Structure formats: C-alpha cells, structure tokens
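Next come two complexes built around chain A: one with chain B, the other with chain C.
Let's turn to the complex of A and B:
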C-alpha cells in the first residue's frame, strides 16, 4: 500500500469522527430549535481572535501533556486510567514544596518540576509494582489509586497545607496552599507573542508551560521512536512474549513505563501552577480523563495528540462564547467531545479493519502474479 | 495445607458476617460506644450499599459475557438523570423504569462499540464515562431549567416509592395493629453479641425501601439466571470461551449485546436509586461520586459472583453509612481498630499459607492502623471515602490467587476468526 493511501486512511478516521460529531450535534441543535450554522459560525468567528487563540493554547497545554502521559503507557498496551489522581497529587505536593523554598529562578522552577514529576512517577509506579509483583491489572489499580488520591490524599493534604491570604494587591481572596515566590514561576510568553503579532489585552497571558509541553512532545517522540528503550517499549506492547525472548525484561519495562507515564502526568498541573502560583482548593478537574480522550484521538502520535488537544481545547473555550451569544446551549460542546471520542475509536477500528483487508487483498494479488509468472 | 472441609456458600457468608459482627461488638465494648452495631448503622449500610450492589451486578452480567464495563459510572450518571426525570413527571415507579432505560441506552452504546465494532472495552468505557455527563448536563440545561426548582445542575424534588417495615420482627403498624418489635426488645436487653446482632438485623428490616427489596431479590435472581438457566449458561460461555460457544451454534454477539445492555440497565437503576429520596431525593450533577467504580470494586471483591457482590456492597456501604452520621469522626475512628484486627487476621492467614512477604506487609499495615487508632481521637472524613478502594487494593494484593475472572473477559471477539 502506498504511503499516500496509508496517510489518507489514517486521516480519514478522525475526520469522519469530527464529521459525525458535527452531524449529531447539528441534529440535536435543530431538534431543540437552535440554528447549528449560526452556532458554529459564532464559535469559529470567536476562535479567530487572538485572545481566544491564547485561551485555546492555554487550555490545550495541560491536555496535551495529559495525553502524552496516557500515550506512553498506551504504547506498551498499559492503560494509565489514573492520570487524574497522579496529576492532582503532584500538583498539590509541588505547589506546597515550591512555596517552602526560595532559590534562584532556574533552580526554583527545576525543583518544582522535579518534585511534580517524582510524585507522579511514584504514584503511577505503585500501580506498576502491583502489576509486576501481584498481577493486579493496572486498569483496576489505577482506578482505585485515583479515587484514593482524589477523595483521600488530596482532600487531606489540602486541609493540612491550607494557607489563606490574598492575591497581589489583595482584591481577590486566595484559598489554597501558600503562594510560590515569583522566582519559581515560569514567565509567560506574551513577549514572544507580541513580537509576531500585537499586544495582548491586559490580564491575558500565554502560558510559558506551552514550551515545556512542546519539549515533552519532542522528548516523547525521540524516546519512543529513536531509543533502545522506546524500541523495547513498543516491542513489549506489540508482543510481550517475543520481546521477552528478545531479552527485554518485562517486569522492569512495566514499572518504567508506568513511572514515566506518571512523571509526565505530574506536569499536567504545571500550566495552572505556573500561572497562579498556588494549588487552589477547587482545582481544575477532568484533565486526566480528557487526556485519555486526547491520546485516543491522536492515536498516541505526538502531532496527533496535539491536534486532539487543540480540538478539545477549542470546544472547551467555545462553550463560553455560545453562552455569551446565545446561539446554542453551551453544554452542546461536551456532547460534541463525547461523540467525537466515541466515533473516533469506532472509526479507527473500522479503518484498521479496512487496512487489514486491503493488505490481505494486495498480498493475495501479489501471490497470484508470482504464480502466473512461474 | 490440607483443606478439612469446604463450607457451603450459604453457610460461609453468614459465618463471615457473624465473625465481622463479633469483631465489631468487641471493638464497641473496648471503645465504649454503641454506634458500630446500632440499627441505624445497618440501615444506612443497606441504603448506601444498594447502588454499589446494583452497579456490581451490572458489571457481573457484562463481564460474565466477556465484556469489561468500566462505563458503569457513566451509565449510572445517565440513570440519575433519567430516573429523576421520569419520577418527577410520571411518579416514582416510572422513574425507576426510565432510569433503567437511560442506563440501558448507555449499555447498548457500549455493546455496539465493543461487540459489533470491536473497540477495546476499556477505551469504549472511558469514552462513555466522558460522554454521559455531557448528555445529562445538556438534558438538564434543556429540560430541568424549565421546571420550578430545577437548574442545569439539579432537578426538582424527586418522589420516592414507599417503605416497608417487617411486622412482628421489627415492629411497625399493620392496618392499625401495633405489631410487636421482637428484635427491638432483644436489642434493648444489652446481651453481649446477641443484642448487637438483633439491633443490626432490626436496622435491615425497618423502613426498607421497596427498591431495596427489589435490589436484594435481584441477587438470588441473578444467580439463578446465570447458573440455572440456558440463557445463563450461554451467556457465561461467551465470557469463558466464545469460540466454543460459536461452535455450539450460539449467537455470541446477541448474547454479549444483551448482557451489556442489561448491565447498563442495572447501573441505570443504581443511578435512579441515588437520585431517589432513599439517598438524595434530587438529581444533582456529579452525585454518583465514583460509585460505578466502587461497583466494579465490589465485583472483584465478590469474585464475579452475585452473593460476593452483595458482600462487597454491604462492606463498602457500611463505612459510608457510618461516616455520614458521624460528623465528629469518633465512630469511624473505632473502625480503625476493626481494620487493624482484620489486617492482623490477614497476616496470620498469610503466615499459615507460608506467604512470608504478604504476612509482613499485612503486619506492618496492621501496626500502622493500630498506631493511628491509639494516637488519635478522631479520623478525618476522607478516611471512609477511600476505604472501599483501599480494601479492594488489599484484597487484590493478598487474595489475588483466589480470584478468578471469566477466562475471556475483556478480550476482543470476532465471529468466524478462529
């Protein structure tokens, strides 16, 4: 099969999923008496503004990191369903640890990131250890560890580390952990943005964690596709028995894959932490689950996941404009996200089958030709 | 180790319960409290256990047919909305049916994706868990906002079905006749252990919701359906060895789809129960709080068997019910001692089986629980929230060898591939 055909088949599936989601949500909107075209028009028009683009990028950044975290485990056929708990715990501990120390800027930031990654790695690694030593399925253990982290550890630690206070000049009250010194926060990218476009409206900032997310994406690509570890990882995911025969230690690979996945998950909360400087008492939730969706949508490919994150972020941000313009109920975007993800996994499966059929056909044709020649 | 005699199942579970109550009684005496074995403790245990039981039974049907259903949570969420909607408009019984219907729709979606399209079970389940809250939020914004007292995140008050108190045993009134309350008077006697059992039993028989009775009846009914009927045998073949089923001429797809749709129906009923006055009396966004996952935990705890699922559901419902009436955290604090005793028992059991590492781990955990108990006066409220999940992790760590899931559970099956 030609490379072009392969690419078309690969792109056809997500396109079909998005198309299906558009049709479904249009039907729903028509049913309740809204005009879908007006709604989509509002969404797109809004998204073409610079400020909205910044919002989308800010939202896509943690989604992307979360997607990469899920994808690393996926490449080895491991499901890390627990990114949600891993990232919240890492976010909280890193926020607290970061507020306790004062270091020069680069060191301070590095310290916070290392703490976050270590916590995430340890928590996800625990699921890996359970799988290796006790044969506990990682889906089950990450679900359970997730619940323990979210409704147990985080709920407890946030009470322990709660420090009241106010932000900046004191107009807004802050409820959460003590603030991190300015030296521990990644600077925003407004300066870079202003070089290429124009000044942002005051109060808007493009998160500096975006750069970190891009680095994570590149490292992921290199690690998985260009290193021996990545080869072992993919081999173990593809055929664990063959990989074992080939000298890949399966137990170590499982623990490593889960830990690395958790380390990346630990970075998910950084977008919010680097912006606000503390862990709020009601932190953003659902990024872990959305990460699973984004990784599925992007087929575990670093660029695909970026597209998935941008689509989900676009829809999230669009819910605000819909509420403002009144063209459609804002909740429609959540349905679109759900339909996209469900349609995408079905479409990928169908594309996969189509590819298999095609390969079988072309192999049969080649065989037939070879016989005719003989 | 030689096994002397294996107890039959109908004797084993009451025995476990008896031992459990005995430990609770001991701890109660030590701690000078009467909260652990009060009638209200068992009453709220049952109330909180029912959704977990129903979700677990839902998971049971799906997994016995070979389809892992982590979409239970999403189907439960659908059940809360549809249950509340039906109950508000057409009365409580219809509400239960619409709840079942809503959940079953989610189940059907999962079935079509996993069985017909061969999507990975976990992936489809995750997708449904993402989709379901979106659907309910949309529906609530469209429909509940139009009702008096309703909004995007909540419904008006939801009416409930009636209650039933078992006469003679637990008192109550039957047509103006004031029935005696045998268990109640026994419970007041303060006889060691006997009164405690009587109190707990009275809690289970007083003011029982009719839905609870239905849910409990579903336990023997599921056992009968899965192990005593042709339908059940075929359904289980699909989960153990679908290719063998195919060779027998069974339409594996149909059985799997039926099972997963039923699974969704169970989860939907669980959701309707949560929205009913039994627990909330209102639809509230996010009110399932992961109980679909706890149902999954109960399924594993119960070793893929209805009676075991019931055991797990009650075990998980107990700390929730206790914690709810226990704002100071003193009763839950007593539970720590129970945990320590249970862990010590696990340690002894592991040692008797020659599993030294397990015994050491259990021992350390027991000491931690005991130390925590001794060094503190109360426990924070989050402790009871994580207890079910912690218990399941411990069960998986210590008893994984005794668990046996259906052989082809979670595997993709395509007709005619073998």
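Let's turn to the complex of A and C:
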C-alpha cells in the first residue's frame, strides 16, 4: 500500500467523525427550528477573523498541554482523570509563589514553571503511590484528589492568598492572588504574528505559552517513542508481566508515569498565568476533563492531539459567537464535541479494519502473481 | 460414513499472508482427526474459523450435513462444536463445578443457579465419557492434566459433539498424555468426534484415525496412520527430509556460572513452593529440571530471574550475590530468560515484532544507544533473528500477535540466544514449535552450550530433557528429590521419577 493511501486512511477517520458530528448537529438544529447553514456560516465567518484565530490558539494551547498530560499516562494504560485538580492546584501555587519573589526575567519564569510542574507532579504522583502501596485504582484516587483539590485546597488557599481589593492596572477589577512582577510573565507572540499578518486589535495577545506547548509536544514524542524510558513505559502499558521480566520495575514505573503526567498537567494553567499574572478567584474549569477528550480524539499522537485541541478550541470559541448572533443555542457546540468523540472511536475502528482488508487483498494479489510467474 | 464436518474451499487472508488457501477438510463422525503442519501452516486459523472466532473470506462449512454460518463461538456451540484452547481459560479461584457451569448456568426461578441440577448433570457427563473430576476441588489446586480435563468437560457440558483441541499435549508430561489419549478414545467410543492439533508425530500416529497435513495454508495430504511413518509425516509437512540432530560431546567446564544455595520461596498464603533448593550450573552445562508442572519449577525460575522474592537462601551469578538484585540488574548482567508462557511473560502482543524482540534487552546494544532506542539497530537484530531462527513473518513491523504460536516462540528463543547470555533460564523452550524447527532450536542451544552457556532447562518434553541435559534434577513439591544421569535414562524411567512412582533417585 502506498504511503499516500496510508495517509488518506489515517485522515479519513477523524474527517468522518467531524462529518458525522456536522450531520448530527444539523439535524438537531433543524429539529429545534434553527438554520444550521446560518449557524455554521456565522461560526466560520467569525473564525476567519485574525482576532478569533488568536482566541482559538490561546484556547487550544492549554487544551493541548492537558491532552498530552492525559496521553502520557494513557500510554501506560493508566487513566489520569485528575489533570483538572493537578492543574488548578499547580496554577494557584505557582501564581502565589511567583508573586512572592523577584528575579531576573528568565529565572523568574523558570521558577514559576518549575513550581507548577513540581506541584502537578507531586499531586499526581500521590495517586501513583496510592496505587503501588495500597492498590487503589488510579481512576478512583484521581477523581477523589480532584474533589479535594477543587473544592478543598484551592478554595481554602485562594482565601488565604487572595490579595486585598482590586489589583492590576486599574482598567478592570481583578480579584485573585497578588500579581506577579512583569519579569515573571512570558512575552506574547504578537510581534511574531504581526510580521506575517496585520496588527492585532489592542488588547489581543497571542500567548507565548504556545511555544512552550509545542516544546511539550516534541518532548512527549521523543520521550515516549524514542527513549528507553519510553519503551519501558509503553511495554508496561502493553503487558505489565512481560515488562516486569524484561527488567522494568513496575512500581517505580507507575509512580514515574503518573508524576510526569502530573508535571505536564501543571503547565495547563500557564497559558493564563503567563498572560494575566495572577490566579483569579473564579478560575477557568474543565480544561483537565477536556484533555481526556482531546487525547482520545488525537489517539495519543502528538500531532493528532494538536488537531483535537484545535477542533475543541474552535468549537469553544464559536459558542460565544452563536450566542451573540442568535443563530443557534451555544450548547450545540457541546453536543458537537461529544458526538465527535463518539464518532471518532467508531471511525478509528472502521479505518483499522479497512486497512487490514486492504493489506490482505494486496498480499493475496502478490501471492497469485508469484505463483503465476513460477 | 457420514461426515461430522465438511470444510470446502476455505480461504483466509491476513495482512501480508494467506493463512488458509482453498482448504478442504472432511471429518467423519466419531473419528479422531489430527491436523499437522509446520509453524504458520494455518492450523490454528482453520480451527478458529470452525469455532466461529474468525470469519473465513471464502468457503463453506457443513456440520452434520447442514450448511452453517458460524459468526461467533455461540453459533459454533449451538451447532455442537466445542473448542479447548491452548491457553486454558479457567478461573483459578472457583471450584471445578463453578468453572464448568460458568456462562451456561442452569437456573431455577428468579435466576438463582440450580447447583443440584448442575452437579447431577456434571456427574452424568463425567460418567458418560469416563472423565473423573471432583466438582468441589478448587481449580488452582489442580495439576495441568486435570485442568485440561475440566476444560474438556466444560465443553461437553454444553452439549458439544465435536471437540477441537489446539495443541493439547504441549503442556503435558508423558503420563498425562497417555491419560488424555485414554480419555479421547473413551469420548470417541461414546460417539464424539475429535479434531486435534499436535506437533509430536509419534503421538499423532498413536491416537489419530486420520491425519490431515497442512503446508503453507493448503491441505497437502490426508493419510491413515497405518500407511505412514513419522519421517514420512515430517516430509509431508516441510516438503523435505528432517535434518538430523548434531551431536556434541560433553562441554562442561569447572567454572560455576549459577549457584543456588538453600533457596526457599514461601507464597503469601504460607505455601512453601520452593523448599530448600540447592543447585549449581557450570559454564557449558545444561542442568535439566524434570517434574510435573506445578511442583515449584516456575517459582524456582521466578526467584532466579527476580520476580519472586527468596524467603531464604542465596543466588550467586558468576560469583556475585544477586539474591536481592533487581530484575534489570540480573538481565543486564547476563541472565537470559525463556518464559513458560510466551503470551503472559514473553511478548508485547500489540507492539511491532521488533519491539517484542527488544524486550528484556532494551537497555543495551543493539537495541539502545545511551538513553535512546536504536531503532535501526533493533530492526537489524530482529531481521537477523528472523533469518537465523526461521521466524515466518511478512516483516518485522507486523504486530506480534499476528504471528503463529510457534513462530512467536522461535522469536523469543532467538532473542534470548542472540544476546549471548552467561546463564539461560529456559522454560519449555520449544513448546509449540514444529519438529523441523525444534531440531534447529536444539542445535542452537547445543552450540551455545559449547560456547560456554550455562542453561537451567525446565521442560515437559522428556526427549528434550534427556537429549539436551548433562544432568537431570527431579523436582517434586518444591524440592529437588533426585539427580539423574540422562545418558543412562529412558523417558519411561524419568516419567516414573517425576510422578513419584519411581525408584529412589541415585543421588550423586
């Protein structure tokens, strides 16, 4: 089979999933009396604006990091449902710690990132430790740790660390942790973007964390697919017994995999922190859970996850315009996200079978040719 | 004679291979029909099609003169076909009775299981076919042969009149094989039709009424055991004569490679599975461990490789105390391992072949360069193993599960020998490998021995034990009970020692 056909088959599945989601949501929209064409038209028109593209990338960045965090654990057959709690806690502690120190720019940023990753790693690692010492399933422990983080630790610590009154430059009222010095914030990418496009509307910033996210994607790929550690990780995921006699220490591997997943999860909140400089008292939620969907859609592949993150970000951002234009209820995008996930699972399986059939046919043809020649 | 099974023109293709091509097979009612063929000839595939586990691409299936479509094992069971897989599928914690009725529970009102009826039915089935089991034994306490009997009864309990067995003798010692064959003959006289796959040709000739030989996916011959000899059969299978085994004299040196002193392994539930075992394997020596499966051989090996903790005693590898070393340390130091269950401990079934070939060696050249996987080196080594050990596969990129059982086994043997270990722990190294390839593997193991390899060999195949070992230790209930000299030992005598019926060991 040619490389081209292979590529077509690989792309056919996600394309079919998106197509199916479009058909389903069209039917729903028709059913409730909205015109799907108008709704999609509004979404696309909106998305073609430069400012909206920036919004989509800003949204896709944390989704991507979250997807990678989930994927790392997935490769070892571990389900890190706890990215949500890990990232919120890391976000908060990093924001607070970052506001307490003043350092030169590069060091300040590195310090904040290291704090965020350490907190995420420790919190996820706790689930790993529970698994190897007490046999607690990581799904259960991470869900419980989420609850503890979100409605316990974060709610309590934000009260402790909340800066009094309104803070910031004065244009808006912001309530949250004390602001981080300018030196701790990652510069935006507006300059780079404006080199190839026009100037952005004032107030729009393309997050510099996008670059960090890309680095995370590359490191993920190299670590999992190219290093011995990644081999051990995947081997444990495929067959823990065989991995064990193959020299992979199973307990250490579980704790390490969870910790690394958590360290990446710790970076999910950085897209916001590096821009705003503080942890808000009503933080954004759901990025951790969306990461599970994005990893699933991207089949744990670094490029696939990027596509998944972009699709989800596009739909998220579109929900705003739908509400604004009134063409359709904004909730339709949530339905679309759900349908895409379900359809993707089915479509991947179908593509897999199609590929097998195709290869079997070409094998048979080759055999007959060989026989005919003989 | 009416036919129980008629397969016509069965074709099944997989990516890169044609597993069955226009295979036709007719099995008479009440006969024992053996299927022979090289590794990868398509035997298991054909049986899976007959049991509804895989759809055929082409061809027709008739069962008891009715055309049938078998979309799943449920359909096959309804048609009267039952299959005993090579890997037993019993729940260890349940009793025999519970295992037998699992999935086919007779119920009373409100869905309660009717144990009394089940028990009565089990007794009937047992009596009708002359198979004895205690319904209240827990499966984990049974020996391999007994477990297999439970599997057979389980199938008969569901009303099967045609019984398929995939390599049933591979896990049995000779005494158990005889017992199995007695049972099969009993089933036959009760009217059951039996199809079985076997690589041991003398066994096939002993018990089969008809033999069908597959070669490269096609049925090449159907013969009666009276008309052929074992070499004839082998020739039909591989298309040429069997290679003769090479002989190498004694290569034992003075240098002790592996020494185990007073090793004791106690399970969590307090059972002593390895009891004060001491042994020594020198470079160039093969120490065979004989014994009925489940007498502590697996645990002994596990303690030496490091997956079971030694409760007492020491393990010395080339003079170094490795009793508490990690598995990785032991493997990197040069302990090779061929596990007794290739699917459980030997392979990454979902991963490409070259990754399975790296398992256990992934930290060292040619599989690694520093902290990174050396993908080119790994592929090259896998290609080498594929060539040298005749692993039949379309490429080293295919998923490991796509290989036939025997070819998977050859990959493991090749992978371990290629790493040139100092000590090899080999559990049933040729299990599931066809006669031709088996002779080749034996040659490879002898050559490695001549080059200084110390081998601890556990095997249920007594010819293998006697043919390869320099010394044979008999293991029973966790203890080494006798040391025997294979030069003066027959398979019968060895078998008697293993079941404890034997004479006292002539301790050296």
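One rule holds for everything that comes next: the second predicted complex is superposed on the first by the 332 of 374 C-alpha atoms of A that agree within 3 Å, B and C clash if a C-alpha of one lies under 4 Å from a C-alpha of the other, contacts with A are read in each partner's own complex, and residues count from 1 in each chain.
Methods note: contacts are C-beta pairs under 8 Å (C-beta built on N, C-alpha and C of every residue); 3 or more make two chains touch, one makes a residue touch a chain.
All values reported here derive from a predicted model rather than from experimental measurement.
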{"item": "First (chain B), second (chain C), both or neither touched by A:296", "value": "first"}
{"item": "Partner chain in contact with A:345 - chain B first, chain C second, else both or neither", "value": "first"}
{"item": "Contacts of A:145 with chain B and chain C, given as first, second, both or neither", "value": "first"}
{"item": "Partner chain(s) touched by A:214 [first = chain B, second = chain C, both, neither]", "value": "neither"}
{"item": "Contacts of A:22 with chain B and chain C, given as first, second, both or neither", "value": "neither"}
{"item": "Partner chain(s) touched by A:247 [first = chain B, second = chain C, both, neither]", "value": "second"}
{"item": "First (chain B), second (chain C), both or neither touched by A:155", "value": "first"}
{"item": "Chain B versus chain C as contact partner of A:335, first or second or both or neither", "value": "first"}
{"item": "Winner by number of chain A residues touched, once chain B and chain C are compared", "value": "B"}
{"item": "Shared chain A surface residues [contacts with chain B and with chain C]", "value": "none"}
{"item": "Of chain B, residues touching chain A in the complex", "value": "68, 70, 109, 113, 117-120, 122-124, 126-135, 137-138, 141-142, 152, 289-290, 293, 296-297, 300, 380, 382-383, 385-386, 389-390, 392-393, 396-397, 400"}
{"item": "Chain B partner contacts - residues on chain A that touch it in the complex", "value": "28, 32, 79, 81, 130, 134-136, 139-141, 143-145, 147-148, 151-152, 155-156, 159, 289-290, 292-293, 296, 329-332, 334-335, 337-339, 341-342, 345-346, 349-350, 353"}
{"item": "Footprint of chain C on chain A - complex, ascending", "value": "225-232, 234-235, 238-239, 241-249, 356, 359-361, 363-364, 367"}
{"item": "Residue ranges of chain C touching chain A (in the complex, touch as defined)", "value": "13-18, 57, 305, 307, 326-328, 331-332, 337, 339, 344-351, 355, 358-360, 362-363, 368, 371-373, 375, 394"}
